[in-house]
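Consider the two complexes below, in which subunit A is the common component and subunit B and subunit C are the respective partners.
Take a look at the complex of A and B:
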């Protein structure tokens, strides 16, 4: 019997002066023991589906259709029935686990509360069960963790606790709302496997909500794709992933950079915010295959095969990388072959725009001794026209490195040179002038723009700081804007009137307008929607192709870096563990850490071809005592690794900080 | 253990604070225009009378010597002699602090309980009739002057209804209450004097009610605001979405998270109500600390002013210390 079946569900939210058709005629079902992925960009209605299943719709919403759970309609339940159904019938794992855990109650108590409520256990045995549950989701020393408060947990640990809370209610259906957003690749994989396990071992239904098709693809039986509140495609995971029928699904998949180096294709436009249920195909304005029929009539979901349907008049067929039909040709030029304005520079005589030598950064704790060693001796250089990628898990010092490059943080030891001049040796006006030579593009596009300034002011700011007269400023701002393919009408707007993609273009224009020698991109796409990400990546690729300028691209996402960097640096706990040409590092990694990162990266295509390597612990659980920092987590570590500091030494065309790098291929074989 | 260390450290910080208060009040009270000697001698006294009186209170000596005498006295628990009454300030104050603290502490306790219960109830019924009623009532209570409110309560509670005793004194003298701390309710309880306990309680009712009505509004608004915040928080939504029952939800996920911000405000309100008691004491002939300190200030009774400012400063620091400790106990994220 079907566990959950949503039939023709529509939700309209009315607020004073606003009306949003959040969901329009959604059909969806989940069987026991099945993992269903619900995919789409923000505004597509994913969270609204989750909320309507547990009857938690926002105020002012009107629903039609049915949400049948075990034969009862959730939408018509009264308060008492809902209370029993919530948690026990269907339980949500929330997107931000730290925010969703009550800060003033120990996590053990919170779990016991759920066990007592839904499993009718007495508090004492409930505590025992709670410890077992903690252990089953991979929390080490569970008894000690029971008495921890949420703020004492790391992000990954909090997400595990959240999962245990949801499963602790013994629900038939587990809903996970973006369970891996903000987690590192290594953790993402583990967390997703927990859900697969819940479906396999405990016969629960799992609804996995994500904006990222690639990452959840592996664990899903079926995938449902939402666009503007409508289901555009649903079908078996592998089918939807590799031979998607709906143009939107194809656009979504093409927008994601892949670890195997497949080029990214950007789809112009953004998802519309509907005020009425659509009367024509909502994707038609962005679709390359749209005909008059598409703009006149609403396609209904037509079956293509067993269990596979797409709401499209012209469903596509064939595998995704059929490059014969790009929707709107806008491919990112692959690394190394950058056709741009000034490719005249001869290779070989490249002057370096950034040079860092043995930089150490320590963030001292406020009182007394100790402190956090964010960088421990990093040396690197970036040549003009070069694109350097920096990757690593969060907490590895990526952002600190960006701040050091821009002179926002003074290294406690070591030397930083921008455009041939050392930052530490300059003061006053000359330092300010040097600072204009290096610019930063921020992770949060809207938050990094002042809310009280217009776009014109924001972009012109670096020029004003450099003392450029107003008339010239205006013309240069207009030029930068044109390069970002933004309409001049945007100049008078303020950040809250911009979409994420527009705001990030403004951020890039601001960095670009002063013609700097170095632009540092600090996770520039991670806060954006998938199709918008692809558009921004395209812009960045174009900008970083200027031969007079060096670019540094910082990301936790390996695939993005592979897309258009020439050289890659892998950071681990403030040290460079591997450095080399992009093809070499991705194709023939030397360091176990790089191997592990590549192994756990999600992929739609072939993925990482080399042998899989898995680290044995989470980052926060491994306290390095000395020697190689990775030693406590490394599956190949010997006693000597824990004693010797590792230095970068040549390995193929790269530099690798591992004494056993050459032996590892043989070790993996065994 | 950590909390004990924190308390000790803060108590040590008390020393420089009080020293500063001692120096400042000593100097400031002497800068004020007005002469305490003239106020006790009356208009017909000669210069010779004034000089003699000044010598008697040691006011003719150099300032630094007066200060050293004063500080030296403080170490032995001697607050000096009141110029106005000629009695030792220490023993006068001991009689006065008890009744006022009893009034303020009971009023604050009642106000806190009311604010928490009504504030959370109000937040849970936000936007409905009951919520608006509570908020408007609290606002009105906050906006009426306390002496007027006291008079109205006396009029209604004593003159019209006759439920409460006349506003003259703190306990019926016939109950023969023996004095220990000066706080009559506490004394009655300590001596197991039943009739005095009841009488003290009856006398307390109206002044406490006056003070409570005046101070409950800011507390209630704060509780309501943070309860609304918690109700809208992701954490509370998550608990509700997991189907936890009403009572558990209220106790485990709403109340404590709501109370986190209350202690700091309560400490401020405590300070405010020490000031408010002056008028309340006048209306109810309370013979408390506020009245005494005010009279000392009016007559430039230097030792009385110095002692009262010192004691108020001490109470402030101790109350804020208590508030910080309570905050740390309520909120596990606070490190002390």
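Take a look at the complex of A and C:
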């Protein structure tokens, strides 16, 4: 029997002066024991579906259609029925677990309270049940964790607590709204497997909402793709993810960089915000296959095979990688071959635009004592024309490294040279001038623009600071804008009037306008939607191709780095653990940490071909006493690893900070 | 069709806010007209004495009667608006500028500059506002310029704290770093990015503050520390007429009181409305 069935659901949200058709005729079902993935970009209506199911629609919403759960229509329930339904029937795991947990009560208390309310347990046995639940979601030493406050938990741990809260009252349906956004790759996989287990163990239905196709691909039975509030494709996971029929699904999948290094294809345009239910195909304006029929009529979901349907007049067939597809938009050029392995140790003949020697950064805590050691002796250099990738999980020191490169953070030890001059030796106006030689492109595109300044002001700021006269400033801003393929009409706009993609183009234009020697991209695409991400990656690839300039691309996502970097540096807890040419690091990693990162990276394609390596513990559980920082988590660590500091030494064409790097392939065999 | 209920409609807040703003603005517009056209709206000068009428009841040549000195109450009430509104607005403007500057530097610089400036503000804020105003006014003596200074001084610390708190969060935002990496100087960042973005709460508080400032001014004048007679000022008028009320001569003190009330109400409604609007857009 179907657990959840959504039939022809439409939601219109009305606000004064604004009207949004959030969902239009959505059909969707979840069976017991099934994991259904709901994917699409922001604005597609994913969260609105989740909210409809638990009756939490925003004010001013008008709904039509039915949301049938266990034979009852959720949309017509009264307050009391909804309350009962939310505890037992369906439960939600939110995107931001730490925000969804009450900060002033221990997590154990929050779970026990739920068990007492919804399962009518007495407090003492409820605590026992709570400890078991914690254990079942993979929380080690659960009894101790029951007394922890949310701020004492890491993001991954907090998400596990959320899952235990949601599953605790044995709901029939578990809804997870972007449960792994903001988590590291190694954790993402672990958390997603929890949902698979929740479906398998108790025949629960799971609705997994995500913008990230690659990561949910493995755990989903069926996938439903939303675009502008309509279901464009739904079907079994493998089919939809590997040979999608709807052009939008194909565009979406092609926009995602993959660790197997296949080219990313950008689709122009962005998702429309509909004010009325669409009367034609909402994807038609961006679609390469659109005909007159598409712009005149609304395609209905037509079955292609068992359980597989697409709302398209011209469904595609065949695998995604089929090169017979018309080559509509331009591809991102693959990484050039400018510098090679030799630059890892000596910057060769090319002039180096950035050189960092043995940089340490310690953030002192405000009230004396201790402090956080963010960088522990990082040395690297970037040559003109070179593209360096920096990867690592959150907390590894990536952002600190970016700040050091720009002189925003002074290293407590070590030396930073930009364009041949040491940052620490300059003061005042000369320091400011040197700072303009290196530019940063921020992770948060809109936040990095001053809310009260226009686009014109923002892009022109480096020029104004350099004292460029207004007329020349305007012409150079216009040129930068043109290079970003932005229309001059946006010059008078302010940041809140820009889309994420436009704002990031403005950010890149600002970095570019002063012709710097070095541009640092700090996670420039992680806040953007998938198809927009691909567009921005294309722009970045084009910009970083300038031979006079060095680029540093910082990301937690291995796949994006692979796309267009020449050389890669892997950071772990403030140290470089591996450094080498991109093909080497991805094809023949030396360090166990790099191997683990690659093993857990989600992939829709061939993925990482090498042997799988899994770290034995989560980061927050491992207290490194000394020696190799990875030793407490490393499956290959011996006693000696915990005693010796590891230094970078040659391994193939790379440098690897692991004394056992050469032995590891043999160890894995065993 | 099912209507989602339970959550208050977002539009309601905004409509409430705009009605507050409208009412407040209309009141202030009327006051502004009175201030601008006071000489045209009254046939007597504010300090002109009618030797034939002292404490004359309303009616006839004096629509609101005359006071003890035989001055026309209607004319004085109108002309007093010029002084009261003028001093209050000037004082608040001065408080905003001075307070914001202190808050800006303290919040952005941090460290010892912050500590010193904030401790100085603590000293000012340790006294109840009105007592402080009384003390300083007694020290400086009366007069328009001094009154502006006194009222600005007692109100400035609040703006300094408000702006400092905003600045402290704004300086951590990415666009400030972006401006630094663009090569902007310290003052450039402060002036072009931090200041304009930190004034949002000031815009809400300032109109409310104008209302309070008028009350402080009237209070000082009532106690004899304000503008010297015979200049028309509401607080002084109330003070002069306060003895008449028991004798049944309400017209000497009630009209200035009512005008004061209406003005303060106008500023309060405008301020409340701006606050509501800021809250509803934040949500």
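Quick note on the criterion: the second predicted complex is superposed on the first by the 655 of 670 C-alpha atoms of A that agree within 3 Å, B and C clash if a C-alpha of one lies under 4 Å from a C-alpha of the other, contacts with A are read in each partner's own complex, and residues count from 1 in each chain.
One rule holds for everything that comes next: contacts are C-beta pairs under 8 Å (C-beta built on N, C-alpha and C of every residue); 3 or more make two chains touch, one makes a residue touch a chain.
Computed from a prediction, not measured in an experiment: that's the story for all the values here.
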| item | value |
| --- | --- |
| Which of subunit B and subunit C A:449 touches, first, second, both or neither | second |
| First (subunit B), second (subunit C), both or neither touched by A:63 | second |
| Contacts of A:423 with subunit B and subunit C, given as first, second, both or neither | neither |
| Which of subunit B and subunit C A:4 touches, first, second, both or neither | neither |
| Greater subunit A contact set [subunit C / subunit B] | C |
| Touching partner for A:462 - first (subunit B), second (subunit C), both, neither | second |
| Contacts of A:198 with subunit B and subunit C, given as first, second, both or neither | neither |
| First (subunit B), second (subunit C), both or neither touched by A:75 | second |
| Residue numbers on subunit A that touch subunit B, as the complex places them | 54, 56, 82-88, 91-92, 94, 96, 99-105, 109-110, 113-114, 116-118, 149, 151, 165-166, 169 |
| Residues of subunit B that touch subunit A when the two form their complex | 233-246, 248, 252-253, 256-257, 260, 330-333 |
| Sites on subunit A touched by subunit C in the complex | 15-16, 57-64, 75-76, 79, 403, 406-408, 429, 432-433, 435-436, 438-440, 442-444, 447-453, 457, 461-462, 464-466, 507, 510, 514 |
| Residues on subunit C engaged by subunit A in the complex (per definition of touch) | 1-4, 6-11, 14-15, 173-175, 177-185, 188, 192-193, 196-197 |
